[in-house]
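A, B and C label the chains in the order they appear, each numbered from 1.
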Amino acid sequence: MREGGFTTLPALVRMFALSAALALAVGGCVPAGANRDPETLVAVESADATSFNPLFTNDTQSTIVQSLVLEPLVSFAPGFKPIPWLAASWQGTPDGMHWDVRLRRGVHWSDGAPFTSKDVVWTWKTMLDPATGFLYQGQFAYVKDVRADGPYAVHFDLSAPNATFITYALNAPILPEHVLGAIPDAQQRSTSFGQHPIGTGPYLLQSWQHDDRLVLVRNSHWWHGDVSIPRIEMRIVLNDQARVEAMEDGSADFYDGANSSDYLSLKRDAPYLRFVHVPTLYAGMIYLNEHVPGLDDNRVRQAMLYGWDRKDMIDGLFHGDDLIGTGILTPALADWYDPHVKQYRYDPQRANALLDEAGWHRGSDSIRVKDGRRLAFELMMPNGNVLGQDEAAEFQADMRALGIAISVEQLDFSTYLDRTNTSKFEMALGSWGGAVDPDQYTFLACSQTPPAGNNSMFYCNKRVDHDLVMGLRTVNESKRRAYYDDMQRVTAENLPVLWGTFGYYRAVFSPRVVVDTRSLSPDQYAWLNIWHWRLGP
Amino acid sequence: MSTFVFRRIAGVLPLLFIITLISYAMMGLAPGGPTALMVHEARAVSPAERQHLMALLGLDKPWYVRYFYWLGALVLRGNLGYSYVDNRPVIAKIVEKLPVTIELIGLSLIVTLLVSIPIGVTAARYRNSLFDHVSSLISFAGYGIPVFWLGMLLIDAFALHLRWLPAAGIASLGHEHDPIDNLRHMVLPVVTLSFVSLASWIRYQRGAMLNVLSESYIRTARSKGLAERTVIYRHALRNALMPTITLLGLSLPSLVGGAYFLEYVFSLPGMGYLGINSVFTRDYPTVMGITLLSAILVVFGNLTADIGYALVDPRVRYD
Amino acid sequence: MKQPRPMQLVARRFVRERSALAGLAILAAIILAATVGPFFSPYSPIAVDHALLGKPLPPSAHHWLGTDLLGRDELTRALYGARISLLIGFTAMVVAIVVGTLYGAVSGAAGGKVDAVMMRIVDALLSFPTFFLIITVEALTNSFTLVIVVLVIGLLSWMGVARLVRAEVLSLRERDFVEAARALGAGGTRIVFHHLLPNAFVPVVVAATLTIGDNILTEAGLSFLGLGVQVPTPSWGNMLQDALLPSARSALWLVLTPGLLIVITLLALSLVGEGLRVAFDRSIAQEVSTATGVTETIEAA
């Protein structure tokens, strides 16, 4: 018996039809996307910054936003040449142990207070105090003393000459003494400065909704001059597709650090946008633990590199949008990168020959054996990176062809880092870099194995060690270059890791952004000369 | 009845204690820590530095000591601590993210109820009809669909190919306070989440209705000559809906878990997204805050189920 | 009247449910394909084809289900993946059933304070955001084998079984035959293992079939996060993950294959489980011992 009521079939059909119509009606309203505000540059980011306090953060996003509000004594020109910034000039003694820095006059904090040597001295004293918990306190431990020489000069005394003094130490952002000076060092961590910064830079923080939006407005009293773009809005858009859509419909102006597939799909679908593609400071690589039998033999390491078809991997998996890695330093460090080192073009014959020479011969299952030990290793990688998984699978297949058995282990990121940092691994897929100085002491020096430094590979080469120590000590740039050229040449022969690929920093701009794309620096340094950018019609 | 409720609520506290203890223990025993990530950012931080930092954060103490302090701060001062990542109060971080998760779960529950009740009731009423068989088949099939797969398929179909709906997020740029835009963004996640729970809900509603329909008082009503419509609508349905409260309570854990996973897949900035990220970055205070809150949600869901069950069945002893 | 043996009745009732039979047939087909299928495939599930890197091929005469991002034959991977996923689902179920049954039986049989505490712990574990459990357990392991994956999944699903068994044990505890056994001097363990458990096994068997399905889903979820079966061993879960890469998304055959296989397998499992439930349900109703010791036959509605 068919009756009325909502439980009957026709009634149900009606209800579904209604809901479907409603859904389509709601879905059918397409919002007009384009951002036509001539005063605001909208940037889409894949992650949020955490804090404006440079003492306690070093994640890329935080570094970016800090660079817009706070300023260092020395900044960089394109190509990472140091240029005077809050420091007007600097002069060091020939032995590199004493430095005089003259400060720029007429600089003011955003609350009107003048910038003086008091700020520099206070910032440094706070950085060097272990109670503060400054992330790089250990790295700057060679700075023995910092004192003011009048209101516009600061004097530094070092306990040892250090070539990174200018690029790292003088590049540290300066904090306002009049705001933070009264707070004891141990409590610097709990101040709200990280959420409410006061700086000397081109922009001021206007508002910040976490994981959503960060708005900066220009500093109209900036010492350097005029800032073209009145407002910057950083939108945190977690999903790749959403960022691509925002660029396509014009609601965003700048896709900062686009990943390879987004970059390529935007190039294909929205070719009227402007595309920037510069080598990044990071080098992809496979770490090797040289305490593991088999990996301690350089011939085995070389064989692996010869037997890994990286060109094919780049063409196939990365659509040709990467470079074959040749070392630890990337082409982004134009002044230091040496491309004339030993190359490892795909040559499985050579690889096999090297393995035979090293005494590893094929066993019954075609995996090489020596003294009863199989040539088998575990490759660690962080989880969730599907492209990396394919990369690992391809590497695995290439190695199997050589007679090396690789098993892949994915770990959650923190565990992966913990294991790589403490050398509890055999091989690990990862990357290294980000530094604007060629120094690799903490990464490659014999003495810098954990827990002292980051040489988790236990790499030890006397010549490289000498280059690293001397390179760190030599302030004269041309003399320095000789050491790093040698380092690159030797590490290409005696491999510390397997070079992977050199990635690109990719950025996409909407047509109305007027920026000199040729002088764009990679990674967090893309924002270096933000005051030159303009918003056109 | 009130003593029953009171005792149940009192029983929740030891449960929460056990949950937080286990969470803290697992976090404490897991390798890696909040400082591990610092090695690979901008410029590498040395291991000595990281050790020093761990000590400053109090992480050099064993986990049970830290748990004791955490519990003390929570119970004595109502303080959930400060995030290791940006030193903001955990409570503030959670409150920011709560609305999105609540919206996702709330809308999904509404959709699930609106769809499952009519279907289940009709399937029960026209038992062994084609409708019954087809809806059973669909609900069995629906139970087996991996939630992230369904989500991705829907995104591919409706967002990427047809371009009817947005692919992710909770709002389009420039339309943050537009409720219609927000609803558009929620369509796909809500459909995905509801679909998976619909499967079991339809079965439950059908089963509940079948049980009620076989009761003697229904036969009495029918024999009295009441119209079938009155029988179904006025008598059977109301009683068949009673277990819904219980069901709501029981399905809360899987809904919360599913919502968290979906937030990750659809990049919705809700509690689940914050929680999962915090586990990856080992931001223990935030992890504990979210674990506690989720556990409270779930435990009170079960409590609601128990109360609902007691309300429905007078034979349940209030012990 | 000669009573047919209970198991025969169960089997008869099961066969009467057509959907359950269909489910069983599907399951049998999948298991058969998983066991012998791989032997018939000319392709390796893990060999990377350099010529096809990044260019998945659609289904063709050479590759019935096409190839994936690394040039591997999708059908072969699906068959090998079936082995792994089904194996994981089954063994994890065994782990869950064994642990859960023991726990639930002990808790129910002990009663009182012990029972209360044990059940509180189960409640706590059930209210746990499982994701955290997964991450931390996985993070704690040093090596990443199938055994670990099975254990993790199994340990996530034993709680429901424990509750089920405990409920059964509780209700059976007061039954006549237990009283009788006790009166005859049988000790606690004997009562649990010889009398309570055999009667509790019915809902457990039904739960077992559903647990296999849940485990396959959990494995898919774990692999989606990269914490399940490791490369290059295929499992339906990590095949799904591979397929969700932007470059693979447009290859519909890669996205649909593992997903549909999971859905169909779980559908079959649910149908079988439902069939078992119905079959056993009526069978139990058939034999009810009354106070007078007379066995009555009662038909369920």
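In this text, a residue touches a chain if its C-beta (ideal position, glycine included) is under 8 Å from a C-beta of that chain, and two chains touch if they have at least 3 such contacts.
Here the structure is a predicted model, which means the values were calculated and not measured.
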item: Contact-richer chain pair [B-C vs A-B]; value: A-B
item: Longest centre-to-centre distance from chain C, chain (CA-based); value: A
item: Central chain of the complex, centres being mean CA coordinates; value: B
item: Interchain centroid distance [CA atoms averaged], chain A/chain C, Å; value: 45
item: Whole-Å gap separating chain B and chain C, where each centre is the average of the chain's CA atoms; value: 23
item: Centre distance in Å when chain A and chain B are each reduced to the mean of their C-alpha atoms; value: 36
item: Per-residue multi-chain contacts in chain B, two or more chains; value: 30-32, 160, 279-280
item: Residues of chain A whose C-beta touches two or more other chains; value: 412, 414-415
item: Residue list for chain C, restricted to those that touch at least two other chains; value: 135, 139, 244
item: In the complex with chain A, residue positions of chain B that touch it; value: 30-34, 36-53, 56, 82, 85-88, 93, 96-97, 114, 118-119, 121-122, 125-126, 131, 155, 159-160, 164-169, 172-176, 178, 180-181, 183-184, 187, 227-229, 232-233, 237, 266-267, 269, 273-274, 279-282
item: Residue ranges of chain C in contact with chain A within the complex; value: 46-48, 50, 52-55, 69-70, 135, 138-139, 143-144, 225-227, 230-232, 241-242, 244-247
item: Of all residues in chain A, those that touch chain C in their complex; value: 240, 261, 265, 309, 312-313, 315-317, 319, 382-387, 389-390, 392-394, 396-398, 407-412, 414-415
item: Interfacial residue positions of chain A with respect to chain B in the complex; value: 1, 3-9, 11-12, 15, 19, 23-24, 26-29, 31, 33, 35, 42, 44, 50-51, 56-60, 63, 130, 133, 135-139, 168, 189-190, 194-195, 209-213, 235, 237-239, 241-242, 245-246, 251-252, 412-419, 421, 430-432, 434-435, 442-443, 450-454, 524
item: In the complex, chain C residues that touch chain B; value: 19, 120-121, 123-133, 135-137, 139-140, 213, 217, 220-221, 224, 240, 244, 249, 255, 259, 262-267, 269-271, 274, 301
